[in-house]
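In the two complexes below, chain A is the common chain; its partner is chain B in one and chain C in the other.
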Partner chain A sequence: MAILEVKGINVSYGNLQALWDVSLNVEEGKVVALLGANGAGKTTLLNAITGMIKSTSGEVTFKGERIDSLPADKIIEKGISYLPEGGRLFPEMTITENLEMGAYPSKLWGKRKPDLERMYELFPILGQRKNQLARTMSGGERQMLAMGRALMSNPVLCLFDELSYGLSPVMAQAVFKIVKQLREEGITVFLVEQNVHMTLEVADYAYVIENGRIVKEGEGHSLLEDDYIKQAYLGI
Partner chain B sequence: MDTFLLILINGCAMGSVYALMAMGLSTQYGVARILNISHGEFIVLAAFITFVVHTRTGIHPLICLLIACPLVFAISFLLHITLFKRVKKISPNMGVFEGNAILVSFGIYFIVQNMIQSSMGSAPHSFPFMMYPYTVGGVNIAASSVFVMVIAAIICVAYSVFLSQTRLGKSIRAAAQDPQAASLLGVKINRIMAICFGIGGLLAACAGVLITMREPFSSVSGIGYTTIAIIIVVLGGLGSVKGAILGGFIMGIAGYAISTFVDSVFMISAFYMIIMVLLVVRPKGLMGR
Partner chain C sequence: MELVKKVFWETKAAKIQALAILAAFVFMMFIPSFSGAYPPLFLAWVMTYCTLSISWTFFSGKTGYISLATAAFYGLGMYLQAVIGREFPLGVTILLAALLAFGVGFGIGLITLRLRGIYFTIFTFGLALFLNRFFHWYEGVFTRTKGRFVKTFDNDMVFYAVLIVFIVTLVAILLMNKSRFGLSLTCIGQNEDSAQHIGVNTTLTKVLAFAISAAPAGAVGAAMISTVGYVDPDLAFRMLASFFPVLMAIFGGMFSTYGPIVGAVIFYVLQDYLLRTTNLYMVIFGTVMVVVVLVLPKGIFGLIDSMIAKKQRGYSGEVIGDV
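So, the complex of A and B:
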């Protein structure tokens, strides 16, 4: 069953149309990816899903309920967590404080303590340096913290924008390993990525977006063998 | 030696009040993005409230915090949700909003200043408060200086604890560092901005109440306080409580040294000299990053 359904989304910035009739489904318990180059409309779609920008038409439903006009705290309380591109940590706050902000909505704040412990277990490096300021961490550690912050709200669906961007191949592998781990725990993950190869190895299903339109979709491994994908995205 | 000790202690007492002024301005600008030119008028308003209440009823001036703080918080909060929120709505981006907000705050400055001046006149006001001295290291120090310093320190600590320990405080810091990321996590930015503008007013009120215990003030003192607060925020680094305290002490001591050795008329120009030198050496301020 699709936990997240995007139906016929159109988005325009003034005269410039960024998304054209985009539809996709994210199946529960799966890792689903959206692949595309810079400027293809990936982040725009995430913003439309989370209601950060208004779409001109179309709708987004989560477990059958429309969510595209809900405020951010209500979306989080429903169990959707959004990790924006670049992590967007609070540089002058400690690791613990950054994690706590992931449980900011009032229904979650009171229950944040056990979730903090869970994050320290999942990411031991965070547990070792609870009071370190985010700005003093390395790129990979920051991405771990950003993931931890996104998981603090106990989400059933994670929207991850460019998880691997700017990371070394080793760190990127580590990050994708956590994505697999989340799937094993039954968490649905919607990955938005440029790193086509690594993503398709993890993703159960993937969509390819170009110039604001979905141009291809299929199972992760089958797309890896697809001639068009090989030529346009993998350079082989 | 005695003169130096005197300058140091009086400077620190005044500096602790300056720190409160700067923390207020810094909160308003750092989160709500309003460089509030009318900041000093709310300091003066709180000072007059204290003066009137204390001289008419004999209530301890410190108790006036309980009147002035909620009142100025409420005025500031309401100004934000009525006036500044509208200005933000019609500004295409935050850069334009910042410019517009300065102009609006100039308007508030004139209105509040004129209202205070028309009702209280422009003569300096003061009342006797803890005039007896303490003797420290052979120097006589006014008890009021010590009292003001202690109260200001308590307020600074309370504010730091609020920012670092409470949910609201953490969301304020998050909103100052990355408003967009904070709003993605469910922080209601407009509400936080209004609260921060209110808190800035509350800190102005604290400074105003404490000023009455130390020095004469008048209905035209406000713009000077605003200027000092702006200088300290630039000196200490925006949004830094530590920077505001350090900057406040530096300016307080420098101010006393100048009025002792030169002439108090030159105080503000000397402040500007200090800041110019500092900005060449450390462009981000003492505690800025």
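So, the complex of A and C:
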């Protein structure tokens, strides 16, 4: 069953239309990816799903319920967690404080302590540096912290924007390993990526977006064999 | 309840904080019984400045939205005292002044806090100027006077009133700092988009915090004007009253609630001394201010804090968060 359904979304910035009639489904318990180059409209779509910007037309349903007219904070409360590009941490706050703030929705705030311990298990590096300020961390560590903060809200669905961007190959591998781990725990992941090869190895299903339109979709592994993908994105 | 325990009980530092506030409060309660007539009035002014600067810092220090509306709320408190002060006991007027400031703050917040950055600051600056002109116009056209007489209260009574307002404000801010609400304000200051991503209703949070930070200014305005006995628009809505909290917070250090208090105390004492002894008050004051901003970017409290850190750890470390 599709946990997230996007139907015919159109988004414009003034006169410039960024998304054209975009439709896609994210199946529950799967890792689904959205691939595309810079400026293709990937982040715009995530912003439209999470209520950060309003779409001009189209529907977004989460667990069968329309969410496209809800404000951002109500959408997060429903169990959708959004990790923006670059993590966007709170630089002058400590690791612990950053994580705790991930449990901001009122239902979760009271039980943030046990969740915190869970994050330290999942990301041991964070547990070792609880009182370090976020701005003093390296790029990879920041991405770990950003993932931890996103997971603190006990999400059913995670939206990850450019998880591997700016990371070393080793760090990117580590980050994708955690994505697989989340799938094993039954958490649905919607990945937005430029790193086509690594993403398609992990993703169960993927969509390709170009100039604001979905141009291709298919199973992760089958897309790896696709001639068009090979030519345009993998350079083979 | 859990919050009270965390801020005033759980750690050694928390217990010391609770004891220090309690001891200071009890000691201050006895001051009028042994001091002369002047010290309570002097201290009431000091605490007024402290209240203005900690409540300003609660909103602007955390969120980075620099408000210059303090004079507006402070002045509204004064005018409320002038208008209804004769009918009610001092405590009731002070409470009503806090409510009035909260209400106006909420309304202004709703209009302005969708604005980001400098636009917000300019608007709040304009608010105090507008109220000044508005009251001039109203008094000139309808009451045909320049100012109003205000019912005066005994200095000791005003002292107790301001003491209570200050302590209540301080305790409330210390508690809010560690609450979900206070932390979300810090998040807004650090990265407003991220605050939205973690589910903070940023507009409502900002508006509410702005209104909360306005209330103590209204309260001390209502209390202090009754030691003056007279109010007019230029006295009530002085732009300096909007700049003082900002300067005091920078002077003392904004990263902790105690920084603005240290700043306000030194600021007021220095001002009082310079005004009595020299007519170069503004010259000396301006120089001190420039030096502090250049040499001590984290304020006087920041200097004290890094000196303690240096002694304990052998190096001057980063200051992290609140006490």
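The rule we apply is simple: the second predicted complex is superposed on the first by the 236 of 236 C-alpha atoms of A that agree within 3 Å, B and C clash if a C-alpha of one lies under 4 Å from a C-alpha of the other, contacts with A are read in each partner's own complex, and residues count from 1 in each chain.
Here, contacts are C-beta pairs under 8 Å (C-beta built on N, C-alpha and C of every residue); 3 or more make two chains touch, one makes a residue touch a chain.
Values in this document were obtained by computation on a predicted structure and should not be read as measured data.
After superposition onto chain A, the partners chain B and chain C occupy overlapping space and clash. Of the two partner chains, neither chain B nor chain C is touched by A:37. By the touch criterion stated above, A:131 is placed in contact with chain C alone, chain B being left untouched. In the superposition on chain A, A:232 makes contact with neither chain B nor chain C. Common to the chain B-facing and chain C-facing surfaces of chain A are residues 50, 52, 71-73, 76-77, 82, 84, 88-93, 97, 100-102, 104-105, 109, 149.
In the complex of the two chains, the chain A residues touching chain B come out as 50, 52, 71-73, 76-77, 82, 84, 88-93, 97, 100-102, 104-105, 109, 135, 149.
Per the touch definition, chain C reaches chain A in the complex via residues 180, 183-184, 186-187, 190-191, 193-194, 196-201, 318, 320-321. Remark: chain B residues 167, 170-171, 173-174, 177-178, 180-188, 289 touch chain A in the complex. Considering their complex, residues 50, 52, 71-73, 76-77, 82-84, 88-94, 97, 100-102, 104-106, 109, 131, 133, 149, 153 of chain A touch chain C.
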